[in-house]
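Lettered A, B, C and D in written order, each chain numbered from 1.
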């Protein structure tokens, strides 16, 4: 091999997969040994981390992935993918359109929530009580943004995905599958918000918060909370884009023409 | 509800999910009943089709999804996602970039293969022998393109994913899980190519062909062969994009500058 | 240079631009000679074709590019970009989201229209009268689709962009700037549709048709009719995405929650 | 109109364009009055800002847009678009793929540079001398990042686009077209870097810096420095994607297989 080839090879070096004629290895495991023996969730873990999860770890990850698959066509990711599907592009382009929208405020809250919980956990490790650690860290976040990532939902008074996810984390803690520090941190935030808003509408953990707890407990770094949500939500994006193709619309706009006034008001009128 | 609201509601009508304050139903099932009880592959099936698969159907689908997760950074989808990850965009944008490239010739072969196998199956149903049906239909495809979707691989003499996938289909046929007609159609094409190219490099079924057999046997319409491949390959796209972010490059080009000559030849010289 | 470097260089060979340390050449012209002397439309032509247009050619291209910049937020490309801009992604991601939707049925009609007009022109070259050539070719297109690309508009009885664009083409023909064959072909289709639908709502040329005439008269191949429309519509996509960021919404859905019923009807009810 | 329609209308309110049957107004100007009379660059300004530029303002904006159209296939945006064009997707999808990569570190430096220059200008307004203002603000930026947006280029010792762009700004200042404060701020940074790095490789203004000066002098807010670069670079992205489609490759990877070793090193070996 020449020096040039060496450089080209290093430029694209990867530990994820090795491909040779007749051979495909995923994290050093021949693909034919995975097909039919290893589940999709285990393979997600394998590709991201290089090893396989235990069955209990895998089950916890699977629950989080299942919880986030869809939240209906009011979500901009889903709506955009459905509109794309009517514009004469492939299903892959429609799914990409939806995934592209899972940005800092749409799908990125999980990532921010892991960072926040990690801050709280670190302060607790350094000796602070959970309520104090939660108070300090949330004060810091709230000084920078009016949103506390992972808590509250503009639509659901209580997010129906919170309880079943946290129940699974509690069980996993009880059985020694995970340590439970991120769960403690998240519950401390929830309690803080409850006390602070006594009598007002509660701000319980939402899907981003509950899955952030799981991802963090399982040892995923914060950016992968967003990455894993992308995999999860892709399922719903695909299902909606596919359903839309069966409805026969063409260049579907956001609102039916029949009720969209021809002349929109100027934006200054808002 | 006013007439306008009715129209707006019909415009976004969906059977995939129903969202109300405090309630999320996926295909009429409360999400909290799915979390922790139903696997990710089953939920993929549920969202796309409205019902749940049997365990054997689910296992077959899972094998196909696992088989396609990655094929290394030489695949343009993976390379583009890795480059995106160095440009200061979110992981969601990097994954969307990769998925966007799974077009007619990159990820669309499965869709075309299902269509081709369905043609063969239909001719067999109408009385033709498998070899004749395969000969007629492939002749038709080859008159329009030099590629027969799902067969042959420019890199692998034999695609290592073929055998384990087809073994699972054979078992499923033997146990009455699927009928096996698409398997027969695909094997007829493979045999035809073997006879036609006696002595030359064989053109066995590739990943697109073997997974097309599975998707078709399970009753998925052709476009979902592409859609399901999108979900599968998203796993590898994410893993590679994430690995790349850890390598610290910035605005990574396709070839290291050190071996890319400053002055590229003009394209006419190719 | 090693053989490997030669191969890498050929792999990325291009006649569009040559970059060396301290030097940027676009189609063999130093960029510093273009800046301040050459207009944007001329540079678009230069990069796509390798030479510079005459002032009259440039003016015709510019008119077509100006005509297509925007068609309001009911267009799915614009709506999707506006929604993207509220999801916490960059303006580049929002523009990419809109551009991604300019597919076969949204922005691709111009490309198809050029193909259709080229068929008509070829039949005329082979001796057919314009009305006969138009009748034969449109019959062929209408046997495959209910849409005739470039004619009719679901919203405008007469597209206000048709007349000013065609007036410019007529002038350019009169002055010998372009030959006028594609104009003739398009007018023959329009006349045919007028006669066929006597008394019914007319189906005049729309923006895709009128710009297709211009692009084809200027010698652009059919796929660039889509490509040039992409450049044109990017302007409106950017302006809308930018305006949306100033309105302060977060994760904007297609319809305000206040009038979207919580429970959408199932899609079977459509 | 019902209350629901009012709400739907406000949800999509816009000052950019108004569309009624038979009428298209861009920023309250009938499109037919713009076609053939108003240049593309003026229309870009019009859609983004609501008014038309003077000829001198327009010329300055045009120079900045021309300067950024392309930087060859080593740029990840261009390379990704070229790879996309070989994967069986539309030209619109290929362009979107390239544009999607113009993120914080690829196309976003102009936006950051405007912010930095604005900080310097504000300190100067508050009484600081240019060198002091530049020293304070750059120290602040460099405490957060090793890159100073808009200065230095990893490939060009001197960016050939710097001088012609700054010459135009100097002229515009002399003629009273713009005030020149952002130019002063940028030159102060350049001088600071020159003094600080005496004898070492200079770090002059690059394309992002020189165009940031222009955009800021013309009154565009910082995020539009990125937005305008997106429009500019789209031209090169399209030209490269289109050239690639003529070269006949299929699923083009980043490096030719002939020189990519089958087995890439693991990423840990980097």
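Heads up, the rule we're going with is that a contact is a pair of C-beta atoms (placed from the backbone, for glycine too) under 8 Å apart; a residue touches a chain by one contact, two chains touch by 3 or more.
Keep in mind it's a predicted model, so treat the numbers as computed, not measured.
Farthest chain from chain C, judged by C-alpha centroids: A.
Between chain A and chain C the centroid-to-centroid distance comes to 37 Å (mean Cα coordinates, whole Å). Inter-chain spacing, taken between the CA centroids of chain A and chain B, is 23 Å. Residues of chain D found to touch two or more other chains are 4-5, 8, 10-12, 14-16, 18-19, 21, 72-74, 79, 89-90, 92-93, 96-97, 100-104, 108, 155, 243, 252, 254-255, 259-260, 264, 267, 270. Arrangement of the chains shown, judged by which pairs touch: all-to-all, with no pair of chains left without contact.
Every residue of chain C that touches chain A in the complex is listed here, in rising order: 2-5, 8, 72-77, 79-80, 83-84, 86-89, 93, 96-97, 100-106, 108, 155, 243, 246-247, 250-255, 257, 260, 264, 267, 270.
Across the interface of their complex, chain A is touched by residues 4, 7-8, 10-12, 14-19, 21-24, 26, 30-32, 34-36, 38-41, 43-44, 47-48, 59, 62-63, 65-67, 69-74, 79, 82, 90-93, 95-97, 99-104, 107-108, 155-158, 160-161, 163-165, 167-168, 223-224, 226-227, 230-231, 234-236, 238-243, 245, 252, 255-256, 258-259 of chain B.
The touching residues of chain D, when paired with chain A in their complex, are 1, 4-5, 8-16, 18-21, 89-90, 92-93, 100, 254-255, 259-270.
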